[in-house]
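Order as written gives the chain letters A, B, C and D; numbering starts at 1 within each chain.
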Amino acid sequence: MIQITVIQIDNYGPWTVTPNPRRESDLQALQSRLYCDLNLQFGAHKGLVFYTRFDNLIAITNGIDITTHERIQNSIKNRYPFTVSMAVASAKTPYEAQKLATKKIQEHGSAQDEYRKEILDVANDFVFDNGYVQLAHVDINNITKTLTDLENAYDTYINVKEVHLKLMRELKKYGAMCFFIGGDNFMCPCNGMSEGDFINIFNDIKKSTGVELKAGIGIGKTAEYASNMADIGLELIRDGKTEYQVCTLNHENYDIKKKSARNFLCPI
Amino acid sequence: MIQITVIQIDNYGPWTVTPNPRRESDLQALQSRLYCDLNLQFGAHKGLVFYTRFDNLIAITNGIDITTHERIQNSIKNRYPFTVSMAVASAKTPYEAQKLATKKIQEHGSAQDEYRKEILDVANDFVFDNGYVQLAHVDINNITKTLTDLENAYDTYINVKEVHLKLMRELKKYGAMCFFIGGDNFMCPCNGMSEGDFINIFNDIKKSTGVELKAGIGIGKTAEYASNMADIGLELIRDGKTEYQVCTLNHENYDIKKKSARNFLCPI
Amino acid sequence: MIQITVIQIDNYGPWTVTPNPRRESDLQALQSRLYCDLNLQFGAHKGLVFYTRFDNLIAITNGIDITTHERIQNSIKNRYPFTVSMAVASAKTPYEAQKLATKKIQEHGSAQDEYRKEILDVANDFVFDNGYVQLAHVDINNITKTLTDLENAYDTYINVKEVHLKLMRELKKYGAMCFFIGGDNFMCPCNGMSEGDFINIFNDIKKSTGVELKAGIGIGKTAEYASNMADIGLELIRDGKTEYQVCTLNHENYDIKKKSARNFLCPI
Amino acid sequence: MIQITVIQIDNYGPWTVTPNPRRESDLQALQSRLYCDLNLQFGAHKGLVFYTRFDNLIAITNGIDITTHERIQNSIKNRYPFTVSMAVASAKTPYEAQKLATKKIQEHGSAQDEYRKEILDVANDFVFDNGYVQLAHVDINNITKTLTDLENAYDTYINVKEVHLKLMRELKKYGAMCFFIGGDNFMCPCNGMSEGDFINIFNDIKKSTGVELKAGIGIGKTAEYASNMADIGLELIRDGKTEYQVCTLNHENYDIKKKSARNFLCPI
């Protein structure tokens, strides 16, 4: 089971244009600061937040209880010109969990309802030791040499966005999600997926676009443990220490589990 | 002429994994803070920055001279665990300008060259009064009712990303760019494009996806003036005060220029 | 027992002038950001940090373990151009605890030793349920009417600094400390002091300077609980609901303990 | 002439306790972030801000016009849960300038008037090329060896605060101000003071307390130029390249002006 929190700025759109449209550089500064703060504050409890649409964010929050959510929500109110609503849900797959969480937040009214404020609700159960997070840290092989140092900045950007969209569409079939985390890096909550699934997806993408991908896959009780493992797995691939372009590490034993492409990853 | 600055963190990839991979929530906090600061600092001089890939950013910098660039570059070195390189270029279209700027930065070495540090170079001329910025602020009609309040957060996100990619591809044909600025909003540097061009693109996207778009288009001597005008134009459309889903305002006269769909916008 | 953490930027002075003195507004931005982040990150675990000298900070950390300290230390390294060292100690009084913590950090070398980096050490025991934090939130009666709205900004500032120094000197006699927290507010870690002690100090200060002070005193297992109680106590005094200019609240029972001026506060 | 801006958070005190007292670590984070942002935003135009009481700040703003003030004020409103008021004044001495600025802000109502919002007013003239900033960067000789590495953190802090108060009192006699900028450093706006004045003050402080001080004094058209010069002056003293513990540099000629202790500094 993975636990997902959906975070939504309350009635944000109307605020940005009241009484007049606010300066765009200020809004970009404000939104990125919120994202920064949420990562520091959920990160303090081993969670991880993705910026998604900036006014609607998705976080992995295994191990983080309702009181901690409430304290973070409170801290935002204490320092920002707006409030945020949050809903928490758990499920076997990340996609399903965010779906339940979104539904819960929607039950309380519209994102642009001026009276809906600081909702904090829970769809089902919190996940502490009874679950795990599985994260794939995906990157593009040799992007610096093949794109960044060769192509213009915008075309490289388009390339990365195309890969992102392809990954989003493919991973959704497995109930997994894919978030861009900068450079040529994607972080994919993917509970239940196997190394073989990733290898198949990467092969398809290579065939249709020529872009080669690799993934460190990490498993742990929290988003932080899982992403640490995913990062180390990716380093092992970069160092040529793995057979495939996929490498899975589990925080519980911290051993490299060399899996045949067909094996399922997660005996947890 | 529009002036574009390409900003690149020096040798960032290797740093993120030395000596070991750094905590992901910290990296997300760090990158978003850099984006926040760059918007405040370029924003202080009426520029506007887009996060693009977070380690490679694109800014509109009409009216901002080399000394100001150097001071911002310096300020980043003084407060961050890394340095940034910058290259400035101007051209008739935004796409062309970023291309020239990227080339200039690439001449000094690889993004992952450990000796290339704090490059600050200029491809051609700075743009002060001899140019203008044209920005289209595009959003999706009625997204709160049709997506945010109905669909799950991740599917809405995918929808927005699909629109983004479509806009990127279409606008590139005109030498324009498209950046996501949160929610359902896109900011498109688009010097030289007409209202008719946007109406055509929006019609095509509506036909192929059902998604309806609108755009406030702003023209001004700086990114700030242009984006202010674009925002006001968008408000006029939202308030039903325009004939078409596109509305152009020029900061110089601050009048609504009702254009037939075929007219060209920019007599500047 | 109260637990204090002393935090020191490693070799900061030399860094600020290498290779040349860095822009002062950047240094002020950097130092205040560190203070901000430390409060968010220790605050996420119910701690509280005081800026003290900005390069040497003092935090109340009851209930915060070594791993959390290490994670915060790590997060600073991941996002700042410098590292920090930390030492933790506990004692019956705040003054004694910071003294032990400072000694521990000094054992590892000079603040300007270029090789001493990221020390994390503990003088004695961590305090979880076996201790408490006592905080007095002191402010100046009616400062807005008597100073802020009447005097010039700098003279008001001098007045507040004079009160601060007086409080520091008086409270030290009791093993307590006093930190400025903005406006006319002081936060005083003061385990073991009675309401009577504060009343005596306030009377002396009134006699010698004419300035009238009041204090909400809070007791709790963590800095956050204690400061919350102190804040509520101060509000009760402001609302005229107390007999004296001192009001103590204990988070455990959350009852107003009306004490005669002679009674000792802390039966914990 | 020096130009000073007094900045005041509107109706801040009441906000911090409405509806209930807000978490102290959040307030500290919020106030220090405001200070950070103001330094970045005034710093972008070569100004310098001092935190003073955090809800009342004092800035040196030579060369910064009304529009830039308004843009910064606007940016704060766009990103914070409160607004700020500002008043600008110029005078021969820094003390006199802040006095005029404070008076101007007070004319508009109380700091805790709930209807007084976002005042922006000017007492007299803006200072562009018709003036200069003189800043003394004062520090304590050898504090690391004599205090930081020997004494406990809090006693060192008290020592520094005592020096601060002494400097504030002495400098006020000359119409100068003194702000703590971290570590053992003080920044003193001191238009019109001579090196001899500082040498006399330092001698007095040495006699009464044993603490030895030194000062780099910088003169320039803006706070940034002046503080850069002050920093370089201080480095020259540290390197033993000056006769006295005071060294003045003027940004216009960037030469070391070795003055006899009796000479006046500022022919500007």
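The definition used in the following text is that a residue touches a chain if its C-beta (ideal position, glycine included) is under 8 Å from a C-beta of that chain, and two chains touch if they have at least 3 such contacts.
All values derive from a computational prediction rather than experimental measurement.
*Asks:* By mean C-alpha coordinates, which chain is most distant from chain C?
*Replies:* B
*Asks:* Per the definition at the top, count C-beta pairs in contact and tell me whether A-B or B-D has more.
*Replies:* Of A-B and B-D, more C-beta pairs in contact link A-B.
*Asks:* Calculate how many whole Å lie between the centre of chain A and the centre of chain B, each centre taken as the average of the chain's C-alpha atoms.
*Replies:* Centre separation, chain A to chain B: 24 Å.
*Asks:* Rounded to a whole Å, what is the gap between the Cα centroids of chain B and chain D?
*Replies:* 37
*Asks:* Note the residues in chain C that touch 2 or more other chains, in rising order.
*Replies:* 23, 26-27, 29, 33, 37, 40, 43, 75 - these are the residues of chain C that touch more than one other chain.
*Asks:* Under the stated contact criterion, what part of chain A meets chain C in this complex?
*Replies:* 37, 40-41, 43-45, 71-72, 75
*Asks:* For chain B, which residues count as touching chain A in their complex?
*Replies:* Of all residues in chain B, those touching chain A are 6, 8, 12-13, 17, 20-21, 23-29, 31-33, 35-37, 39-40, 42-43, 47-49, 51-56, 58, 95, 98-99, 101-103, 106, 110-112, 144-145, 148-154, 156-158, 160-162, 164-165, 168-169, 172, 177, 181-184, 187, 223-224, 227-228, 231-232, 234-235.
*Asks:* Please name which positions on chain C make contact with chain B in the complex.
*Replies:* Going through chain C, the ones touching chain B are 22-23, 26-27, 29-30, 33, 74-75, 77-81.
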